[in-house]
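What follows is chain A paired twice: with chain B in the first complex and chain C in the second.
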Partner chain A sequence: MSSSKSSQPDYVTLVSGDGFEFVIPRSTACVSGTIRRMLDPSSRFSEAISGRCVLENISGVVLEKVCEYFCYNEKNKHQAHVPDMDIPPELCLELLMAADYLDT
Partner chain B sequence: MANRRQTRNQIRGPHSALTDFLASNNISAAQIHQDHQRRLQEAERQAAVEEEGDVTVGHDEHHHVGELPEERKKRKRKEAVALANIKQSKEFARRKARRTGESDDDDEAIAREMMHERSRPLPGQLENCEACGKRFTVTSYSKTGSQGALLCAKCSKVLADDEKKLKAKKRGARSGRRQNQSNLLDGLIQQGALSLAEMCTKRVADNINDIEEFGDLPSQLLHRLSQILCKRRVLTPRTLNLFLRPGIDSIDIYDAAKLETDDFEKIFTLMPNLSCVNIRFAGQMKDKVIESMLGRNLKIKRLQLDAANLVSDTYWRRLFQNLGVQLESLKLSNLDFSLDDESVEVLCRCCTNLQRLKLKQCWKAGNHSLRAISNLSSLEHLSLSFVQEVHTEILLETISRVSPKLQTLSLEGFSNANDRLLEVVHDNCLTLKKLRFSHNAACSDAGFVRLFTDWENPPLEIVDLSSMRDLDNTNPESPTDAIGLASQGLVALMNHSGSRVQKLNISSCRHVSHSAFEEVFSHEKTYPHLKELDVSFHTVIDDYIVGRIFRCCPKIRKLVAFACFNLRDVQIPIGVALIGSLKAQDPMIVRSAY
Partner chain C sequence: MAMRARQKIRAPRRGPTAGKTDDFEKYWGDLSTSLKKIHTKDASDISFELLYRNAYGIVLANRGPDLYERTKALEKEWLDGEVKAQVTAAITSSLLLAREQVDVQDQANERREAGERFLAAIKEAWEDHQLCMGMITDVLMYMDRVLAEHRKPPIYVAAMALFRDHVLRSTIRSDSETTVYSVLESTVLFMIQLERSGHIIDRPLIRHCIYMLEGLYETITEEESTKLYLTVFEPAFLEASRKFYQAEGRRLLETGDAATFCNIATERLREEIERCADTISPSTESKIKDILDNELIRNNLKEVISLEGTGVKNMLDNDRIDVLQSLYVLSARVDDKKAPLTAAVQKRIVEMGKEINASAIAAAQASTLGVGKKPEPGEKKPAEKEKPVNQQTVAAIKWVDDILALKQKFDNIWMKAFKSDQVMQGAISSSFAEFINLGQGSSDSRSSEYLSLFFDENLKKGIKGKTDIEVDALLENGITLLRYVKDKDMFEAYYKKHLSRRLLMKRSVSMDAERQMISKMKMEVGNQFTQRLEAMFKDMTISEDLTSSYKQHVRQASDPDQKKVELDINVLTSTMWPMEIMSNVKSDKVQLACIFPKEIESVKQSFEQFYLGKHNGRKLSWQASMGTADIRATFQRSNGKTQRHELNVSTYAMMILMLFNDVPAGESLTYTDIQAQTRIPDHDLGRNLLSLAVAPKTRVLKKDPMSKDVNPTDRFFFNHDFQSPFMKVRIGVVSGSANKVENQDQRKETEKKMSEERGASIEAAIVRIMKQRKTLIHSQLMTEVLTQLSARFTPDVNMIKKRIESLIDREYLERVEEDPPTYGYVA
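Then we have the complex of A and B:
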């Protein structure tokens, strides 16, 4: 277990349905339960082996916002009274669906 | 006759009620108009005189060359009086407050500035705009620009908009702390960021009026959205439409106060698959709605209605008969005079599969209802809050008959119930998980000790024994045999249920002593599941006890302590909400876990 963990790269790639790729730290991506389970080495999913998650049903615009949230979450991990992240109103319903799918 | 003759001599137009009223109060439009004209003329005359003075002499005394000494003295005296008057005005104080930080001799300058402003053009005159230079008509809404001259309507609007923006920004900054305090009162201590889903849900709720439809949002998100919208009281007929989706089998509306009768009918028309209905503050729900519900043969299994007090008893009975055995859960609250004993009897006769029953604040329900409830053999959850006094015997019989399967027993406001009820609970309830018995002054501490000692029931998870105390005003010191839940009772309760209890409310049980709390929260004790504790109105609670509580309850998230006046400087562990302490503004003290 420890050997497999040490061999895991620090960054993972998230790919949107329309082909945009986002390279973000593994720890931030694991804020999402869905991605965490995808990347869990014990699952032996192809995502876990390649470190590349293709999220077919999420568009690039939404995934960009999701990645922004991952970093925002990481940054504010231990703080009380965190101000809400700015979400453009036209994006919020799509983002909500994505958040539900990603278990975030 | 005399009256008519008098009026014949005068020529009059049509009389309105307002004219009559004004006349009877000695108010005449003509008079008002005349006064106004006179004032305008006077002001104009004054302005003209001042302008003349300006042309010939100017402001400074060096320029008053052609003036006679007496005239100059007179003018200066007038000016001094005017300035003194201005300095006493409210407007002057306001302006001064705005310019704090500048030197004191500024007073004179401000007063002079105001005096010159007073001679500004009157409404109706033409003037050149300070900003854009255009000629415009002065109105009373014209604003003053940065150099003291007037602005045209367009520029005034721009200025007003800018001011508004500034104000809005200020408020935004302040509401953060308010929101935090408000969250604290709700027991929400936020650590780190909110989840993305929660943040988006809030954002959707913010923009609810721009949303056309929700698409295929999953029902648990719809539920959360409904909660947020209802809390903000913006669930209107328009927003309701977003929630009406034929595929979904449940609807939860926590605040239906803004919905009309038609909207309720629409719910049942558009959602034929409904099996769980939860509508609160349903004030406009009437017989018509129930009728349309009955006509559709809905498969409702769980029904919760709050404040539907316009539904008549006939329709309640028809509803119960129609739903019959398919109904598993019924919660009715705040029905006032709408549900009578006979309807409850019909309910208990027809809906024999009821597992969960809650009747709260239904004013007409009494002894007969209670007796009818005793026939419900599959009941697992029972919550009653009656307004009418009931016979203790009937209550005891009902509880003993339904208790074997009960997981929840909640009795509020049964003031007659005494230790015998506790005995019945002790002897008959064997599967209870939640026990609420509050607002009672007849049970004794010894009764509670007997209830919780050697009770076969497994440890309780939710316990609410609030307001169990002596209420005799003539005897402020409690009687020697403690009334309500007191020291011994609390110790027995925690010995019995401490290992599983998650929520405990013992507020206002005022006879628990300091030493009893010390014993309950002593070093060797832990309550591994306790998350919420309410100890309001226990004046013996002090910093030491609260510190012990935090140590004995590793999972505690919410401690309610209103009116605990001995709480001074408590160290609050991170992630715990202490509600009601005297210093509400205290920052949360961040400390590592024990």
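Then we have the complex of A and C:
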């Protein structure tokens, strides 16, 4: 699953702009291109070292949905017929922006 | 995403950057500081998220292109300043001065150390650049994504191009033309040069520098073919290699040892392949191999092969299988046909073959002095000749053995060194054929005769006590040589002659082996070839039946008191057996039939009666020259005792001895007397008398005067004091009964006969072809005749022409047209 190099913990923490923290498996978080690069061990940014990503411009509500999507994506990535994910319409624009930001 | 209608959509929160262009400078300020920190490897307290958010913001504010340009400028500044300084610092004077040859050892060492430092610096700069640009690209990912629509290359690519232009292609000092790259190139080539001359270098280091060149492109589109490695370094490397191997080739040739050349060339090939794998790029392997093939191998191979003393000749002579093999492998690299090697091998085979020929002829000629002339009466010392004649036969057999040994040797080489190569096999075979058939038609060539003698000798004596397998191998060997003999009709003639002697004199050890031999020849040369030989065997079998039925007939019909003469008869079909045995004609004189003693004459007549009673209309002619007889002789010793011996003699000798039955003791017969009473041909009479009266162990007759020649005036007595430790005495006829090498006259005779026979074959072929084609152009006719006859012999073109003329004269053919000359068939 996650790149199981001993130095790298299997879980990472995502922090929303308003302070919510989400601890999810690394591989799941890496669905996002941005987060993946952020955590890339070869680049020695502070996120890669601490395993903690603070996403200033995403709110907790949205980030929760994002994390849900990450898990949903991870779970279903090898399946052909996947049920749609439930998206609250009021979040969809913000989610779109987050998706663009996170390169998901 | 599914969306339900009529629900309130929350407006997204405005990002902090949206639309505010004045924030650009602030964001860029933050960004550029961080980017510099990345370059100085001080990124651990920078938040990726922050940088990313900043870049994201800038791009959202439509300042993406500005960000791109600023970043590029930042990179350029960084490379121009820090990186270049770092790299050029590692360039020392020793790297610059010695673009030329470095022969001084310590200078080379110094340069090498400096080179390694420099390469290490380049490698580090490159790897840092790659790493940092990786990070920066990640941060600016969003920018790349957006700007991709503006047809801008990703920032990473742009930055790599910057590295190429501002580090590699920058001049090392402002006042010099030399670029960092040129120093890099010369250093790498220098290192390779060092390794080629046997030093150990830091391969991984060079490999990394090559990686860099492989990672950089001439153009921003990064096409595969525009890699710096391919456009700049590889040509330089190949050129340097070309020069090196040209020199290497010259140097090796000067050393003048072919084996060394082969070893080194093979070693070099291996080295270069290894170098491509470990030090430079595997993609160069085929190109550097081409260079080696061309410069080192192809250009020098010919000379190496012909090197005096160590070339192919020497290798072949000393069975240097290993060297030959590497030479073969090298040749095979540059030339499918391996022409120079093949030619050298062929030349050597022919040389060695000629030596064998020459030594056989020398051995033969050493003895021809004694046997050159027929032992006519009155000629000098014919008694000496028996030994030399044998020697000649031995020479013939030695010739075959030598050739077989040679063949064995080359087969071995071919298998082990030439990997059973088809082309080589053909070449070797054709060379064997070449020297075996050398001088065909002239009296020098005796291959057909020698080969037949070889079979003769083996079938008579050689295979005694050998297993079937050995016999088979032996015959197989002979057949191999037969394959090379072009004029198979010549061989057939000799073989027939030798075979007939074996059959008639019952000298063959094993009839099975004889049959085996025939079937082998049939497989090799074809049905037509063995037809007559088989007919000879058939005659022998029929004769056996005939003899036994005749014996039965005699037993029934004869009066018991008649002196019994037992008759073993061989009735031979005259067309199938060799002519010189059949004919009574010697030297064109018609010889009267000889007079048999009356006892024999009666048996002869009785058999004739018997035979003609069975087969009406046939004509029997008696060949006394081919027969043998067992006679019981009684010797009255002077001390009164009598001694009996059984003598096995030729028919002629029997006839001579029978004469002495009627001669009172002490009386003599002269040569002329004997001749008058028997009408034995001169030649045969002389020989028989020699063996009866002169040959030391079988002197049944005494001769007066006692000399080694037989003269017409000589007188012969029956030798009652004949002594022999054996009861049965075999008296061979001097020369002729055994199969030996022909002397010049016999040879001429054989050749004459051969050419007559060939003439007939040619005519037959011409008529066959013309009958089918009706009209044919001269050249076509020639070709067809040649192909038809090539299995048996190589016809002489002039002979064919003559035969055509003769056929025209005899009105089998006519000239239809003059230009081109065309013939028509006259029915």
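Here is the rule we use: the second predicted complex is superposed on the first by the 100 of 104 C-alpha atoms of A that agree within 3 Å, B and C clash if a C-alpha of one lies under 4 Å from a C-alpha of the other, contacts with A are read in each partner's own complex, and residues count from 1 in each chain.
Methods note: a contact is a pair of C-beta atoms (placed from the backbone, for glycine too) under 8 Å apart; a residue touches a chain by one contact, two chains touch by 3 or more.
Here the structure is a predicted model, which is why all the values come from computation and not from measurement.
A.B. asks: After superposition on the shared chain, which partner residues are touched by A:C53: those of chain B (first), chain C (second), both, or neither?
C.D. replies: The answer is second: A:C53 touches chain C but not chain B.
A.B. asks: Which of the two partners, first being chain B and second being chain C, lies in contact with A:S42: first, second, both, or neither?
C.D. replies: So A:S42 only meets chain C here.
A.B. asks: Taking the superposition on A as described, I'd like to know which of chain B and chain C A:C92 touches: first, second, both or neither.
C.D. replies: Both partners, chain B and chain C.
A.B. asks: Once the shared chain is lined up, is A:T34 touching chain B (first), chain C (second), both, or neither of them?
C.D. replies: After superposing on A, A:T34 lies in contact with chain C but is clear of chain B.
A.B. asks: Tell me which partner A:V23 touches in the superposition: chain B (first), chain C (second), both or neither.
C.D. replies: It touches nothing on chain B or chain C.
A.B. asks: Using the touch definition from the top, say if A:Q79 reaches chain B (first), chain C (second), both or neither.
C.D. replies: It touches chain B, and chain C stays clear.
A.B. asks: Chain A residues in contact: does chain B have more, or chain C?
C.D. replies: Larger number of chain A residues touched: C.
A.B. asks: What residues on chain A does chain C touch that chain B touches too?
C.D. replies: On chain A, the residues that contact chain B in one structure and chain C in the other are 84-85, 87, 89, 92-93, 95, 97.
A.B. asks: Once bound in the complex, which stretches of chain A touch chain B?
C.D. replies: Touching chain B from chain A are residues 66, 69, 72-73, 76-85, 87, 89, 92-93, 95-97, 99-100, 102, 104.
A.B. asks: Which residues of chain C touch chain A in the complex?
C.D. replies: Against chain A, the touching part of chain C is residues 1-4, 7-13, 15-16, 41, 43-53, 56, 131, 134-135, 138-139, 141-142, 145.
A.B. asks: What part of chain A is in contact with chain C in the complex they form?
C.D. replies: Touching chain C from chain A are residues 33-34, 37-38, 40, 42-49, 53-57, 59, 84-87, 89-95, 97, 101, 103.
A.B. asks: Would you pull the chain B residues touching chain A in the complex into a rising list?
C.D. replies: 176, 180, 189-197, 199-204, 206-207, 210-211, 214-215, 217-218, 221, 574, 588, 590
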